[in-house]
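Here subunit A shows up in two complexes: once beside subunit B, once beside subunit C.
This part shows the complex of A and B:
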């Protein structure tokens, strides 16, 4: 039985390898060069960095759907959260015993707060002409939020309240609004006029940064709170 | 020559970190090796001239996922195992 299974798995892997290899070898190359097309399209994209141009101009539909997927994931994670969290009922800062509550972490978080905020803003701005952009800036914001929560704070800029829900939605809602506004002017979906494209892209990325940061933090924070072991 | 050596070491480190993360019996060690693996992957993306992917990998792959996994270990340690205790 085990031997038959081993033979079957070897045969399957060899067959898979042969199929993959033949697919790569017999692949027909497309009659156009995407890199050349992209380089020609950069001037009318509104941004100078090719990756950002692809993400928010040439393939912005994909990015829009990605944001929607992220939003759905966070909404599901928040829905699965403990329905009676301690942090929303009490307005004052709740410091749980089991949270890592050391002076080092607390002061480090306070030192890192302005530095990481500045890094996020820089990454967002740099995305227009060099590596960076909304996802990276949002990840830095989320990391800051994780530090903030781990050091025991439940209030302040990363508290779970109505505003954080608005911020969660703002990215997708803003993107969708910008995408559909073009329809009003008789243009295709997401087809911004090149003269405004730069401004629109930076505006969308700014809102997206906040939303992505809150979303990633939401995925972290919707795990059961430390000290709550009812699993 | 030096870059070849660096790339070879990076590739070797990737495989070692991945195997260590998969086969480690200690969960904490496995998670730390996973974070190391994520950071090495970020370096590999930089060597492949994809700094955008490297930034995302370092922040999300190594940073946030690592934090989530460490959090999960904390919960596992505080929860008594029914089959062990």
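This part shows the complex of A and C:
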């Protein structure tokens, strides 16, 4: 690291600290209390947990765009994979992949498979009334998928095939379909009718869980394997 | 000093320190780490500052949750890009103006 660069970095860092710190210290308080508004809106949101209500009812547009970002990231990652991959079933590709082939990991994965699936389902279900929801459940599913892949399995629920691509797309497509269906009934985008809101939110969260799990796994799986680095 | 101000100021320190590290280092992984810490500082400011009667405000919490997922996705994508870059060129930094 050269000296001028180090000095400039320290100076900019201090400048940043001063600016941000003064912005935090001299902030103005809003004349309204959003938390109170939110608490009043919970009964008509369809779910009991405030964060889930914000994510999928009051600020569902953010969540929709977030799924779109995740999908774009995975599509780019899949597009960046090695253009000439070894045949998925050939032994070479298994050797190249980051597989840890020990009986401990294999049996641990089989033990964890039902437990982690159950945890994911519980987190999804818990999201309606306490911390939890699609993202947490999806992350657990993705972790399970990573274990599944690292222990050397290429088949089963986490194989890369046409169905995984459908699952990848299902979250965004389903969410977008639900978001635009409200337009057909003369309601604004993403404005669920409050009598069905609970059912719609749970349905969207379920599809999102699978999509998020597959997306995160796809991001992990499309990184080049350690043995595959040609210089 | 109130608790929310303390969280926010810790967030400010994280953002500033990570910003400095981001400028100082050229190794792509170090830059990615610095960028992630900067994001974490932003999240801490957002969640820490917006407290409601000594309990976190659910609205910034939900927004930060969204932000975390986006940060994870972009970090993973950056790592994939870096590894492809390393596989293609054998370098861990981007070319600079003076060594092209």
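The rule is simple: the second predicted complex is superposed on the first by the 187 of 231 C-alpha atoms of A that agree within 3 Å, B and C clash if a C-alpha of one lies under 4 Å from a C-alpha of the other, contacts with A are read in each partner's own complex, and residues count from 1 in each chain.
Simple rule for what comes next: a contact is a pair of C-beta atoms (placed from the backbone, for glycine too) under 8 Å apart; a residue touches a chain by one contact, two chains touch by 3 or more.
All figures in this text were calculated on a predicted structure; none of them were measured in a lab.
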item: Contact breadth on subunit A, by residue count: subunit C or subunit B; value: C
item: Touching partner for A:162 - first (subunit B), second (subunit C), both, neither; value: neither
item: Touching partner for A:24 - first (subunit B), second (subunit C), both, neither; value: second
item: Contacts of A:146 with subunit B and subunit C, given as first, second, both or neither; value: first
item: Which of subunit B and subunit C A:3 touches, first, second, both or neither; value: neither
item: Overlap of the subunit B and subunit C footprints on subunit A, listed as residue numbers; value: 51, 135, 216, 219-220, 223-224, 229, 231
item: Touching residues (chain side subunit A, partner subunit B) in the complex; value: 51, 98, 123, 131-133, 135-136, 139-140, 142-143, 146, 150, 216, 219-220, 223-224, 226, 229, 231
item: Subunit A-touching residues of subunit C, taken from the complex the two chains share; value: 5, 8-9, 12-13, 15-17, 19-21, 23-26, 45, 49, 52-53, 57-59, 61-63, 65-66, 69-70, 72-74, 76-77, 79-81, 83-84, 86-87, 90
item: Complex contact set, residues of subunit B against subunit A; value: 51-52, 54-56, 59-60, 63-64, 67-68, 71-72, 74-75, 78-79
item: Touch list for subunit A against partner subunit C, complex; value: 1, 5-6, 8-10, 12-14, 16-17, 20-21, 24-25, 27, 33-35, 38, 50-51, 53-55, 58-59, 62-63, 66, 69-70, 73-74, 76-77, 80, 135, 212, 215-216, 219-220, 222-224, 228-231
